[in-house]
Amino acid sequence: MANNTMTLNEAISSLTKLNESFYAYRERVDVNIDAFFLVTMTTIVFLMQCGFAFIEAGSVRSKNTIDILLKNLLTSLFTCVVYFFCGWAFAFGNKGNSFIGFGQFMMFDLEAPKYPLWFFHFVFAATSSTIVSGAVAERFEMVAYLAYTVLLGGFVYPVITHWSWDSTGWLANGPEGVKFKDFAGSACVHVVGGTVALIGMILLGPRIGRFEDKKTGRPAVPLKGHSAPFVVLGAFMLLVGFFGFNGGSQGSLARPGDGDTVARACVNTILCSGWATIAVIFCNKFFFSKNWSLLCSINAALAGMVAACTGCDALEPWACSIVGVGAGLAYFFIAMLVEKLRIDDPVDTVGIHCGGGLWGLIITPVVMKGGIIYGANRFAFLQLGWNLVGGAAIIAWSLVTMGSLFFLLKLAGKLRVPAEVELKGLDVLRHDGAAYPGETKEEASRRASKFGDDPLFSSGHLNILVQRTLKNGNHSPAEP
Amino acid sequence: MANNTMTLNEAISSLTKLNESFYAYRERVDVNIDAFFLVTMTTIVFLMQCGFAFIEAGSVRSKNTIDILLKNLLTSLFTCVVYFFCGWAFAFGNKGNSFIGFGQFMMFDLEAPKYPLWFFHFVFAATSSTIVSGAVAERFEMVAYLAYTVLLGGFVYPVITHWSWDSTGWLANGPEGVKFKDFAGSACVHVVGGTVALIGMILLGPRIGRFEDKKTGRPAVPLKGHSAPFVVLGAFMLLVGFFGFNGGSQGSLARPGDGDTVARACVNTILCSGWATIAVIFCNKFFFSKNWSLLCSINAALAGMVAACTGCDALEPWACSIVGVGAGLAYFFIAMLVEKLRIDDPVDTVGIHCGGGLWGLIITPVVMKGGIIYGANRFAFLQLGWNLVGGAAIIAWSLVTMGSLFFLLKLAGKLRVPAEVELKGLDVLRHDGAAYPGETKEEASRRASKFGDDPLFSSGHLNILVQRTLKNGNHSPAEP
Amino acid sequence: MANNTMTLNEAISSLTKLNESFYAYRERVDVNIDAFFLVTMTTIVFLMQCGFAFIEAGSVRSKNTIDILLKNLLTSLFTCVVYFFCGWAFAFGNKGNSFIGFGQFMMFDLEAPKYPLWFFHFVFAATSSTIVSGAVAERFEMVAYLAYTVLLGGFVYPVITHWSWDSTGWLANGPEGVKFKDFAGSACVHVVGGTVALIGMILLGPRIGRFEDKKTGRPAVPLKGHSAPFVVLGAFMLLVGFFGFNGGSQGSLARPGDGDTVARACVNTILCSGWATIAVIFCNKFFFSKNWSLLCSINAALAGMVAACTGCDALEPWACSIVGVGAGLAYFFIAMLVEKLRIDDPVDTVGIHCGGGLWGLIITPVVMKGGIIYGANRFAFLQLGWNLVGGAAIIAWSLVTMGSLFFLLKLAGKLRVPAEVELKGLDVLRHDGAAYPGETKEEASRRASKFGDDPLFSSGHLNILVQRTLKNGNHSPAEP
């Protein structure tokens, strides 16, 4: 086509065609790339399911390994079905109000370009559930776990995301145009998980023998997990998964600036994690124990990433030092406090997810671009205030709803396994059998012996405790 | 450039340039995104190699762990080389007929934009091979494994994909324009793997002691795997990998609707998996055992994903309930049947891959968009019929080709390891040594003792069996 | 818009708008896709951190498992912070010279579209560090490890990448326009890691008991790793991660041909890996041991991928046979040589990373497209020569800088743990405690006994050695 031979009409015709081609193409590419982006990020986030499973499996005694792995596996498999039935509807259904979504139940009327978002939000719902499983490990009934997963993934969590992340939600429409700042779910996912874990642990009580018995003077028994490598495997899967979690929270890759934000979110996530770990590993080494602690390092790294969720899209990299160090120390000291309060938290859920999450929620409006340290103006303070309001509302909602469920389950005697099951192990009495069945004859007979591999039974004190416990048939024998 | 100062000629010149820029750009983006999409999906699918390896490693006794891990590792490493030599050529070579591809051997003349497809199809070929390794675990000779991998990945599987997925294949060009509906390989990958596993297990015979000895009345010995956590690790890797497997099967991200289809495929995959697990875990708990079974849950989840392969691109989400529940139950009852028939299937390969795969192949034409339940028209039934024809052809082809190989290997005495090797374990006699060599002295001596950690040797019965077995030098002693 | 009713002015206006829309759109898509591509590839590469951790954890004795896992975990967490402070500045800072980058310290002034590159290069820096940890396992002080990680990731490695991969670097601007050919870091990452590992091992000396004591005639004790499955898990993570490593090294997905190159890089990577494994597994089986060796297969697969790094973007697939087979054999024989030289390399780091890396560096200019075998012209030989110059410079730089650090640490007595710690295990004396604490009472007492699970203590010879060692308080007692 030589330009000097084209008539005006031909040119106009060509232009019209090009106009159509371009806008059609642009829409096609945008839709396709958004879908690809969200599917890829969701798949990466799915690794976190594996990550939580192995952190928790490594942190329990071998007699409860199958139980905790099964619960983690079922979390995503049950959540996808309840999220299909009603989770999406209560979160982002197209006919809701500012408090709750409604509509598009069972994905009816859900237009195809929303499927990637459905996929991404379902895996977030599963993440909020799976956080809890480790906290209540080694003593939680399967029925209670399934009930809780269904309620959290199908109703409680979706409502929270409606508040924060739906355009009509009340937290997303604060006074004077302020929006709840929680980019990837420090509050919506992690504080929810940590809060539900906390109320669960309080209602459950600690594992038998976990704390000193003040009456008899029986000392606490360290109920250590059975495999540090599994904990590390889980930690690596979580580190990798968090890039999808925080990067994917941008939700789109087609708008101007999306790519920059995704990359910034990932960079800030690893930086927060690094700072948190450095702070805690040295703090622990020089002020508390003389060890280079693996578990503290892992938990700090996770707390750093949890705190990054609030504003990893909006921080300058230097600010990660503040977010990260604070998150690490928040985890470290809250975990100590929880222990002091005789709450039995096998994987430091409250320290990591409440500690890291709340620190992120509070500090981000201070140090993010446009935050208080850049100019202590009215809007910046409003942002901080609204984040506090949102955090408080989310905690209250989680406590009331899930606390009620746990309380009812406790009344019904379905919350905690009987003491005998706890002592012999959930795997043999509730599931397929031992997690490591290919043992030698001696090992098998030893493990099949009355109380399995539990360090509890190494002292005379405890045998008495156990006998009393089994006689009373009390659900949480060690704590009245 | 102010528009009112532009002459017609300038405008035409500008238009021509824009036309060229746009179409060049469109082609560039399409090619780049397709490559990125397929490379990413393939990388995710590669996690399934790790998944199968660990499901199988956890399901064997520790004395055979290195053997099964090595086989799984070599599957992809050998398959890539044979797929390079001839696998692609027989599948998608540019000079074939409707039965077999031909041309582009050794990737000569394969144009660059086809490399992403090569990468994706190679990893599918490796998947079909790796499915088999678990079924024949703990008794299959290494040489037989390598021979079978080369034949399956280099010839048998590529021919099947030519039938179904090459535009010239006979299954892709059915009567009245019907096409074999197998989006991601329920039949082409999973039924193939399951069928080859079945014929392999029949020709191999069960592991020593696996079933009751009807003559002597010796009871069956449960040959349990040595590590449930490894099975769960494998399951998570497969769950994650399946998103790449089913999402990536769209094969492109540049055409209109591609993104929607990829997301739909992923959503339906997890939903089928969820429904299958829910069906089986409750079915098992309330009607069969009183346990919450981890292994049943995992296998059901996999069967659901396998069934989703047929039509995860074309199902409305509600239909996943039918596809999933049916797949779960198909696995569950077929696995029982296989056990009844005294076929020794250590990882329930037939139930998962044949059961789930065939259910998907049959039910999808019924419940998919435009399927029989949407209108029982001639074309819908034709689709169902053609899927049955395709399934039957694929089973027959797999049985004849791979069955012949296994039969010849059996005649040559190269199919099954000698009984002594089986009893002492393949790791010490065929490979580097024990899988867990860093044991205490006592453990090491125990493991190095005559028959290792095999529960077989816990009863008097069996010692007699073993002595007889070793004396006779029979390859599959427990089954005459 | 009907074309025959549009005036010239309207058409020009429409054209102008379209022009603007198109060029704005093109820029937006290019930036977003580049970011998405690099973030995804980096996330995949991050799996290699997990891979190295588990290869190494499986290769050490259980008494040192926590130590090696912690070191691997801290590698990326410390590296991200030092890379933030100065790593990027010395590599790609915008005010450097041909020897070193400078500027953009702490990511100040780093424009947003560079964040994806930062993320990608940070994880490469972490990879070069983590390679070393396995080589010095079971005897390296934590403080030395942290010092070395900071120096390597913050200075030594960034300078090398400046030479090779910054547009101003001296290796990237060779004589007559030749550029150092090291696409994904055979030299820049792997040879660096291998070289630093070598000097580290030489200065550290072998683990106690590792080699025959020539004076007393005490035989070598095989210090086998404690878990083959962990080694395989690590290997799979590395295989998967390498696709991100080599595919992502294209650095962009927006330019014409980028997608093709990324796919080619991945295809060639797996082919090199396959060929290397096939060569070594048969070589070992038929000429050396009678075993099908798992460890040799894994190491060969890795060596093949390491060699692919040099030119996986520029090889025809057939050429992978040469690159791969050579890399496998280079690893195999170099590992033998290292053993002969009484250098204690627990995970064959030198064989894999120096052997594979140097082979790739040398053979690629010969067999790549446009290489010597395509036409032995001056430029092709110049390319080979410049690669040799680059390799030598990189080795020299790594040796001098990191060797100095190790030497100073040795002088200060901070390089190697005391013999008592080495014998009892680093986990109990330096970290949280045992890696598998959930043991039975008997196991726990056994493991807590004086020298743990060390095969050293199975012979009378060694008890004498150990007593002498502990008495002398010598840091590397077995090697004077």
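In this document, chain identifiers A, B and C correspond to the written order of the chains, with residue numbering beginning at 1 in each.
Assume contacts are C-beta pairs under 8 Å (C-beta built on N, C-alpha and C of every residue); 3 or more make two chains touch, one makes a residue touch a chain.
Please read all numbers here as calculations on a predicted model, not as lab measurements.
Chemist: Taking all residue numbers used at the subunit A/subunit C interface, answer same if over half belong to both copies and different if under half do.
Modeler: different
Chemist: Subunit B and subunit C are the same sequence; what rotation (0 to 180°, nearest 5) superposes their CA atoms?
Modeler: The two chains, subunit B and subunit C, differ by a rotation of 120 degrees.
Chemist: Averaged over CA atoms, how far is the centre of subunit A from the centre of subunit C? Could you give it in whole Å?
Modeler: Distance between chain centres, rounded to whole Å: 32 Å.
Chemist: Can you pull out the residues of subunit A that are in contact with at least two other chains?
Modeler: 8, 11, 15, 18, 22, 29, 33, 40, 227, 233
Chemist: Show me the residue ranges of subunit B that touch subunit A in the complex, using the header's touch definition.
Modeler: Subunit B reaches subunit A through residues 8-9, 11-13, 15-16, 18-19, 22, 26, 29, 33, 37, 40, 44, 60-62, 224-229, 232-233, 235-237, 239-240, 243-244, 247, 253-256, 258-260, 262-264, 266-267, 270-271, 273-275, 277-278, 281, 291-295, 297-298, 301, 316-318, 443, 446-447, 453, 455, 457-458.
Chemist: Using the touch definition from the top, list the residues of subunit C that touch subunit A in their complex.
Modeler: Subunit C residues touching subunit A: 1, 3-4, 6, 8, 11, 14-15, 18, 21-22, 25, 28-29, 31-36, 38-40, 42-43, 46-47, 49-50, 53-54, 57, 65-66, 69-70, 73-74, 76-81, 84, 106-108, 112-113, 115-116, 118-119, 122, 142, 227, 230, 233, 430-442, 444.
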